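Dumping the structure here so I can ask a few things about it.
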Amino acid sequence: MQNLEEILKAHKLTWEDYEHIKKILGREPNLVEIGIFSAMWSEHCSYKSSKKYLKGFPTEAPWVIQGPGENAGVIDIGGDMAAVFKMESHNHPSFIEPYQGAATGVGGILRDVFTMGARPVANLNALRFGEVQRDDEIGAHQRYLVRGVVAGIGGYGNCVGVPTIGGEMSFESCYNGNILVNAFSLGVCKKDEIFYGRAEGVGNPVIYVGSKTGRDGLGGAVMSSDSFTEETKKLRPTVQVGDPFTEKLLLEACMELFKTDYVIGIQDMGAAGLTSSSFEMAGRSGSGMRLWLDRVPMREEGMTPYELMLSESQERMLICAKKGTEEKVLEIFHKWDLDAEIIGEVTDTGVMELYWHGEKVAEVPVAPVSEEAPELDRPTKRPEYLDYIKETSIDTVPHVDDQEAFEKLWSSLEVVNKAWVYEQYDSMVQTNTVKHPGTLDASVIRVKENGKAIAMSSKCNPRYCYIDPKGGAAAAVMAAGRNVAMSGARPLAITDCLNYGNPENPEMMWQFAQGTEGIKEACKALNTPVVSGNVSLYNETNGVSVYPTPTIAMVGLNDDANKVLPSYFQEENDVVYIIGD
Amino acid sequence: MKVAIIRFPGTNCEFDTEYAFNIIGAKTTIVWHKDQALPKDIDLVVLPGGFSYGDYLRSGAIARFSPIMQAVQEFAKKGGYVLGICNGFQILLESHLLPGAMKRNENLHFISKFQYIKVLSNNNKFLSLLENGEILNIPIAHAEGNYYVQEEILKSMYDNDQVILQYCDKNGEYDNPNGSVDAIAGICNKDKNVFGLMPHPERACEKILGSEDGIKMIKGFMY
Amino acid sequence: MKAIVNIHLKEGVLDPQGKAVKHALGSLGFQNVEDVRVGKQIILTLKDDLSADEAKKEVEEMCEKLLANTVIEDYTIEIVQ
Amino acid sequence: MKAIVNIHLKEGVLDPQGKAVKHALGSLGFQNVEDVRVGKQIILTLKDDLSADEAKKEVEEMCEKLLANTVIEDYTIEIVQ
């Protein structure tokens, strides 16, 4: 291949990776294959910097049905019902285009939940912005981002008909160049009707459903690689635009499909689109797959196999169905006016074979792509600023009198009423919301099917995590757990979204290592395992990393929906206690 | 009472509506928008809330052309009772079964919250169990609820008791969350068999959800 | 062949978006703006075998039926080759 | 003086509204429609003491700053007296 050096660089692959790829393939890779490895071995898909630290998370308890490794975690909530939940970041896209970035973030997390067979019943969001109160360009831009992100979260969730029942936000200068948008979704389903992202059974059809594929999200890698120049220059890297209406149709069609017994496995096409969904589905069951890429529904003309494999177009799913049911599956999706095509079949070769108009354009063994993905042990170093902080004491800060302190706190952004935000979210659709946003502490929905209530709360104090990366992360687990407990529910499990800076910076890696330690300890102490989660690294601009921000969402159960505790004083003359130190 | 609830692509309150009508003991069927006919012996057709066709172009604009809407039009013409809630109201406006049109909320945002509304006229079946001037607490959730109608038509609507619900505050004083003409929250047609309102009574039918005021509204159709 | 349809709220119907945009422009320091109306522009690509007249007539029907809500909106149609 | 600003999603960016409107027109029997793009048209009334050139420049700035979202949208400006 010409200018291999640049191609590798554009795909964020090292020479070492390249040699490894050659060993796996037993030959030189072609461009499609380089694209596939690049996507699967990216930080986002392979967790190469973080895997080492995530391994120690407690993930088991009698009520855990599915821990990390699937599209979302699953816990038992009694009465034959299960809760399915996960949290995910959409930080970088939201900084570039706040409305669409946040909207597609919500879309992605919803698909992670309903791909498992659960109807999403509640969303939360955790947002970190910079200094919105500055009266300069930065302040103006931050306010623009707040408006866009909030409208985007509402715009998507409201349209799909899933209530956004709570969340949190903080404001720090470290987010001026890199805001954080974390979206959480929880769904419920029958315990014995959970679906997994698997493709198995030789000859079973692989079916593509949802929106057509465009060149969305095909940015950096291709465009900066020289071999494409003139042809692709006019095809600007495009931002992904969400289509919540299509998502709603996809949700309803999937719910209908799940009532049948046609499905072997199903997975949403999220990051790295068709590549990650097909490889993961085949990988989980040790199968191979043959895909006829020319059959993929396309939105634009002249698309290539490379683009089809890497596009991140939204609102798409991949289904492995039982042979012989394919027509019935297609019928369900056509009823909902969605595209649906048989694009491949399962094999027992353990190899992914890609065809383009009858010609084989790529052939990659499935297992090594994930099993042999690079796992890094990046250097860590205790940050120097911690020494400086250690010297600082509360006594060095000038004293403020109580009235002034009260007023200052009362008017601080962290404390002010967030109604402007949550009133843009439909928090009551589905008629289950018992504790709305604005009623403080955990948010709560009742489950009509079993009379119980699910409490959930998302927490993280970034400033605390900066001062003490381990203690801060543990405190986030504790705070979310306390919120859930204070609503009268027993905390059962967490999902997390670990937003950190650049992993190539040893100080940042140290923060990350400490943060995961803190989560481990706190989760063990509360007996609330980690059942799903997400890592977002490289949150930095011009060398400035965000504060360590491990957002924790705790989920708990209240056996009686009528016994949910409110979080505000009820009546005059009621007695007020303070418990704990 | 037998209720048909129409499901358009993008509708998202059909099950909530069904649940609420079941609470008051009504029999419900969900009807697919591509059906040509309504089920037999229906007492009430409900167009529920949601985002039919994603609210693209204008809310309700595309749903109006669904095959089932022909049947709903005929049902209404023969005097059948039709209730449009939120997106359903928008669809009734676009279908010209009710006068006026919706614009985007004055503040351009989606607004979701509990909102007080006041009964202006109970001279119709829908609000027959309520007193004139009675104040209810019912959730609203919409981005295009800014009701507009020409002045002359509005006048005749008042004369004919067609303006039936108005936004207000806790004490019944003027409050207008979305910029609607005269803070109008709900109306009916001349014959008083087609009703539209932006608030969601089906979300206020149980104590656990914060209000039961919706019950008294939807129950009106039973008597 | 393309048809360009411009749709705006009728004179006399208050335009909340226009009002908000005007206000925002003002606070950004654009003092020369006296009025703002925000409408829609829909661009239709039509089969080429229609005559301009036929096209116009068909698009008019689309506007009356679907594209515009004539209770509150006016529209104009322009056919370009 | 008026400035007419037309704003559309860039080529290649998904236009969910256009897609839905096209589908709706099709099912209403308008078979001659090949593509639909839904955008915005903003009509600004400007103070008359500006020259057309000045006006254009100022409106361009408004577009970049507020009216269009240049990450996903393209715009055109036309000044009419």
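So that you can tell them apart, the chains are marked A, B, C and D in the order they are listed, and the count of residues begins at 1 in each.
Heads up, the rule we're going with is that contacts are C-beta pairs under 8 Å (C-beta built on N, C-alpha and C of every residue); 3 or more make two chains touch, one makes a residue touch a chain.
A quick map from chain label to UniProt name: B = Phosphoribosylformylglycinamidine synthase subunit PurQ; C, D = Phosphoribosylformylglycinamidine synthase subunit PurS.
Predicted model, so just to flag it, every value in this text is computed and none were measured.
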{"item": "Which of A-B and A-D has more C-beta pairs touching across its chains", "value": "A-B"}
{"item": "Computed distance of Cα centres, chain B from chain A, in Å", "value": "37"}
{"item": "Centroid spacing, where centroids are CA-atom means, of chain C and chain D in whole angstrom", "value": "9"}
{"item": "Chain A-chain D separation of Cα centroids, rounded to whole Å", "value": "34"}
{"item": "Distance between chain centroids, defined by C-alpha means - chain B, chain C (Å)", "value": "29"}
{"item": "Of all residues in chain B, the ones touching two or more other chains", "value": "53-54, 56-57, 62, 65"}
{"item": "Residue numbers of chain A (touch at least two other chains)", "value": "243, 245-246, 337"}
{"item": "Numbers and ranges of chain C residues touching at least 2 other chains", "value": "65-67"}
{"item": "Those chain pairs that satisfy the touch definition", "value": "A-B, A-D, B-C, B-D, C-D"}
{"item": "In the complex with chain A, residue positions of chain B that touch it", "value": "9-10, 12-13, 15-16, 19-20, 49-51, 53-56, 109-113, 139, 141, 143, 200, 202-203, 205-206, 208-210"}
{"item": "Residues of chain C touching chain B in the complex", "value": "9, 13-14, 16-17, 20, 65-67, 69, 71-72"}
{"item": "Chain A residues touching chain B - in the complex, by the definition given at the top", "value": "151, 154-155, 158-161, 243-246, 248-249, 336-337, 419, 422-431, 433-434, 436, 446, 448, 561-562"}
{"item": "Sites on chain B touched by chain D in the complex", "value": "53-54, 56-57, 62, 65"}
{"item": "Partner chain C, residues of chain B touching it in the complex", "value": "57-58, 61-62, 65, 93-94, 100-101, 103-108, 146, 148, 179"}
